[in-house]
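Two complexes come next, and they have one chain in common, chain A, joined by chain B in the first and chain C in the second.
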Partner chain A sequence: MTAVKTITATAFGDTYANAVGALPGANESWIDGLRKTSRALLGTQGVPGPKTEAWKYTSLNQIAKTPFIPASTADDVDVPLLPVTVPLLDGALKIVFVNGVYRSDLSDKLEDLGAGITLSPFADVLKSSPGSLKDVLGAVMEPAQSFTAAMNTGFMEQGTVLHLSNGAKLEQPIQILSIGASGSSPGAFHPRFEIVLEEGAQATVVECHVGLPGQAYLSNAATEIILGERAALRHYTIVSEDSDAFHLGRTAVSVEQNAQYESFVLSLGGHLVRREVQVRLEGDGAATTVDGAYGLSGNQHSDVFSEILHLAPDTESKQTVKGVLGGDSRGVFQGRIHVARTAQRTDGRQLHKALLLNRGPEVDCKPELEIYADDVQCAHGATTGEMNPEHIFYLLSRGIDEKTARALLVEGFLDDVILNVADEPVRNLILDLVKTWLARQRILSIGEL
Partner chain B sequence: MAATQQTVDAVRDVEKYKYGWETNIESDMAPKGLSEDIVRFISAKKEEPEWMLDWRLKAYRLWLTQEDQEPDWAKLKYPKIDYQDSYYYASPNLGDAPKSLDEVDPKLLETYEKLGIPLREQEMLAGVAVDAVFDSVSVATTYKKKLNELGVIFCPMSEAIKEHPELVQKYLGSVVPYSDNFFATLNCAVFTDGSFVYIPKGLRCPMELSTYFRINEKNTGQFERTLIIADEGSYVSYLEGCTAPQRDENQLHAAVVELVVLDDAEIKYSTVQNWYPGDEDGKGGIYNFVTKRAACRGKNSKVMWTQVETGSAITWKYPSCILQGDNSSGEFYSVAITNNRQQADTGTKMIHLGKNTRSKIIAKGISAGRSNSTYRGLVRIQPKAEGARNFTQCDSLLIGNQCGAHTVPYIESRNPTAQTEHEATTSKISDEQMFYCQQRGMNPEEAISLIVNGFCKEVLQTLPMEFAVEAQKLVGISLEGSVG
Partner chain C sequence: MSLIEIKDLHVSVDGKEILKGIDLNMDGGEIHAIMGPNGTGKSTLSYVLAGKDGYEITQGSVLFDGKNLLDMEADERARAGVFLAFQYPMEIPGVATATFLKTALNAKRREQGLDEIDAMDFLNLIKSKTKELEIPYEMIKRPLNVGFSGGEKKRAEVLQMSLLEPRFAILDETDSGLDIDALKVVSDGVNALRSPDRAFLIITHYQRLLSYIVPDHVHVLVGGRIVESGDKTLAELLEAEGYARFEESEAA
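Here is the complex of A and B:
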């Protein structure tokens, strides 16, 4: 059925597992069991091929064929300083990983974050107090539901655990930086980020996935988020991997009563990038915004895969994803809104818009509604097409030259959704990154006119 | 509120199937089961030429290799079909083919009258030529002479194979090849009859062509094969309607419809499907797996599919358009109503190949009872489809809180000058709408009838007059009790 036999036979088989060696928490039977179950899933299910609905438009052939080594074992990689290309959020608390390994020398101090707030390296927690993760780890990130989750869970080693007790408010945003860099062999790493906000807690977390040029690497990140009653999390993800890199990332979120999860995913760099998100609206009145934007050029491939599950009454979800495609790139959007029988009075909105800049790119889009409750308002929309010639004409008639006109329109197209980002410093950071990207695509940005 | 509850109640005590009875006519039946011998038997019964038998056998042998590959991607749940537990050939025992209506078995004519197809009256009043298919053999063809004079060929497929082999050989399987999909392959092997239509160059067919299908014999799968060819600059409107008698065992129906549209030609294909949907508990009912596809081969060719799907326990149906010729256009209008335990997975495919090709999809799904209805559609823009345009709108209406409505569109675009738009909504009848109607003096049933008819109007009004009336009635019957 699948194009590639099994992953255990090739990329992430016994050789890989042996090279990974003993992982933190392995002496805890439940953690060990979780990893083993996940690896077994990889073995039995193999690499999903085009006949697997969730992977219909994204081929994993290249990843399956690459002889990855565990990136942390590479002895010919040295990243002594934070690369200048890394986007930094002013005023944020930095926690840095290179090839999935926590770098205390590059990170800020993880202490004194405020009452009831702890931020710890994942491996430390697994070693010293694994019990504190018992109800958290794997609670939402179910390996059986996703190849990406199974691979991460099977090999998870380092990462962070952010915990906010009842009513705690994190003033300073946290920026997680995951940097990929390969030596002579392509490396793979599987960082794991756990975020738990208890009742009424509030936090802002920015995840940045970047990389250094060189051999291909695979960043297989997973973020598991549990939001208690009335908790509010702003979670922003920026993927700007190296142009040869692979990125398979997944975010799984559980949102309790009246809690709010606001997220935005910006995807600009990487050879193949797939961002999965699953938001489970578990409690009455839970709400979420799951926006995103992507820009593609050359032969880049980007896949936005989203599942929003309305499982309780009076829940609300909003999603807008916009993409700009140039070169011979391929953009994929697969979004599903599921409304369970009990989730009456659900409000679900979803929109995907793709702008094709030239001849060559392909966009594949599958917005899906699955509805089992009657008292709902659900809608989705999807459009694809090029720039409206009338819009260009309008600008030309105002004395603006064509190149500038096109730049204005592309930037306006993306800014439209970026302006939904509630956190101002993050919004500005994203706008800047998009400007830089546009400039690199030889699409001038408004600021440079 | 109360009105919604009433709707739910009304939908719950559903009517007895209106067309549920059975006519006893001795059938000439082939033994149960499917084998190469059965394929040969059907071919021999139909007095088919060698090439036809070869084609059937080729399909049958391919089907054997895929026996375990029945498609499972649709949102449908049904017990595994035992293909050996069905009859593949049954024809009303009429002796030689009748030369006129007077020779037709009166019992058969009675059946049609119960169905509301007065053959004789139709000939005079309605101006509709009916090629009625009773089980598998065509028993009466009217208006043939008139159509003949114009050069229109409208006859049973079995006759076309004998009389017009050059047309059949050229076009049969050219849109839906024998290897197309599991059910189409099965159809190729064992199809018994269907309609064949050829409209000559430049002719605007002056009357609507119509076929009524009807499953009658117990346990006979119906495998119809329809082929319509509209030659350059011609136009035809074709109507297809089905009702079936009540029975308990599930019946398999796997039809194939092929449309070939040449330069500047147009085909309008309308369907009202009302096969037996099974009882309240989902017992019985027809399994309807249909492959319908139109090839817009020429410049400016046009196809319009309209379907009103109210019957069948299982509906698996995706009337499609291959928009090959420049400026060709495809339209798909659909109303799918499911009630009780019915399941429908239906939609369309629009494949844009030529320049400036256009497609429009309007799909309305209404789910009630414990039913599930899914819209599944594909819009694909190939790199050479300059300036292609697609508009898709899918709306679902849920009546009661035990049903489901799903939308699964696929949009694939590989040309920047093409524009695709898709929108879908899901909702229920709002309390405000009900209140407005009721304070104007309507009872809740009338109100729901009005609202549901309004919801479907965009689709129903694309049907030809004769069908529009029947369709409106069907919308009512399908939600009987709640709709007037």
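Here is the complex of A and C:
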């Protein structure tokens, strides 16, 4: 127990909090209160360990032991230009953050997005019109529910607020780029993205988390999404952090009547990546797709933690997550589908499939169904296995050498779920990223590909 | 020297002998048919020739163009010109048919010292082949064999064969699951590939296919042995009489 306290104190306790200093919106008592409550949770609950069900398979020890400084205070980090390694979506409106700090010089102009549409830096909104966030901030991203959310809410500083009024349609996709880079000290940052689509509004948002090589950094991002009736959001998250980086990210979504939340999370980089998603299907006929793919090598650790809450009748959720694991990597999938008593005629499907490239990796998979309604269709499944030798033979029998055959099959394994991405340019971007990742694994000759 | 020389081939699976001494010589330009009841080792023979793992060759040899075929890996055999049209083609999710075809074709071209095929040339080639085989062109954009009907899978196998232009093609029950129109299209595809330096081994249950693809030799495989060989009239006889008399002699 003492160990846990020390850990909390050094990582996100007083030292860190003092260094963070006054944050935007601190003079608004409700915002200040939200941050303080969240930090208090970190203090009282400490860093969750294996006894906490949600953190059973993912250890926060390494993060807790690292003496992070607030990344925005590092004076020895200079990122003058957008790194060439950053995946860019053609035609998207870019909004760029380096170590959690908004970079207008690297971003596109956040104007003229169309009638009823605003995209603003989060800090600006906290300072100039905090009231506009009163019903939004913390409405679905509940600090008490998640360590990741509590840490982000306790230290949130910069980010974006995207707001679409009734019926507004965003033609151009928005690409949020969060770039991590540490100087001599490991830095932590806590970007906050708020997305509100009022009735019938439509938008596409791509969130990219990338980083530069160097000291480890901690990217602790939170995206809070509120979708009004018949609104439709396509939300794609690409995590391609630096190989030494930590990423603890959470998306929390509320989906009203007949609204649709389509999402995909691609996770390739990072030393330890935990992606949490909570989708609350609040209104009749609300629907969601929460797919994902990940690729791991070396000693990478990836954790997908998902909660889909069916809280109204005739709601639908589909989730397929596929992972490829090599080296001595570790993959975790914890998925819960909850169906409330009133959520009759729910259709909920969940599938996790892991492909092991050798004997090194380990997969922990815990799917959970919690059903209180009686008229529902729910199914979940999980498979973990090696490559099918019959598939390999089929390709060999066409003259394709074994290395190429295995690479094709690995790519196909992931592509299979990526093909669900409805937005074609994003789908192609993700397919390309996977191709590049695979090529790099082969060049590094990880051995098993 | 024949193109293919199979000598006294004995093959076991999990310690159980499946093929019990196969002898078969095939020359370029020839079509041989192998007929026989279920479970007698026809697919086993096709897999052993194509180089699948899991089969123990306890005796015998196979020469392909004078080289020891059994020493080569499956992909080497394919690049050297061996092709197996599978009885049950694999469904491979996520791998686009076009990507697969192009990779296979380029593997062969590299072996021949040719450059990779130009993207436009490839598409044109596929367009004409799919048309010949009455395969919807859209099919090549779909994942390999996934959701294809039984007939579509078999046509796709023949499409691959026609693209890779093997010297020794084995067709394992390519006729099963085909209606009469599809059978005709597939047979036309095979007949179009007939040439003096190419040999076909056609495995089938039914004489039906052999009235479209007319064999030079017909062999009856029962209990892991070729129990009788003859010309195309043997197929007709089998169609009329069945395999009963061979099975009896096998049991005896």
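By definition in this document, the second predicted complex is superposed on the first by the 435 of 449 C-alpha atoms of A that agree within 3 Å, B and C clash if a C-alpha of one lies under 4 Å from a C-alpha of the other, contacts with A are read in each partner's own complex, and residues count from 1 in each chain.
Here is the rule we use: contacts are C-beta pairs under 8 Å (C-beta built on N, C-alpha and C of every residue); 3 or more make two chains touch, one makes a residue touch a chain.
Keep in mind that this is a model prediction, so the values were computed, not measured.
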item	value
Contacts of A:P213 with chain B and chain C, given as first, second, both or neither	neither
First, second, both or neither for A:L395, with chain B first and chain C second	second
Touching partner for A:R359 - first (chain B), second (chain C), both, neither	first
Partner chain in contact with A:P67 - chain B first, chain C second, else both or neither	neither
First, second, both or neither for A:L414, with chain B first and chain C second	second
Most chain A residues touched (candidates chain B, chain C)	B
Partner chain(s) touched by A:Y372 [first = chain B, second = chain C, both, neither]	first
Chain A - residues contacting chain B, complex	53, 341, 344, 354, 356-359, 361-386
Residue ranges of chain C touching chain A (in the complex, touch as defined)	50-53, 73-75, 78-79, 83-84, 86, 89-90, 92-96, 99-100, 103-104, 107-108, 111, 143-144, 160, 164
Touching residues on chain B, where the partner in the complex is chain A	73, 381, 383, 396, 398-428
Chain C-touching residues of chain A, taken from the complex the two chains share	389-391, 393-402, 404-405, 408-409, 411-419
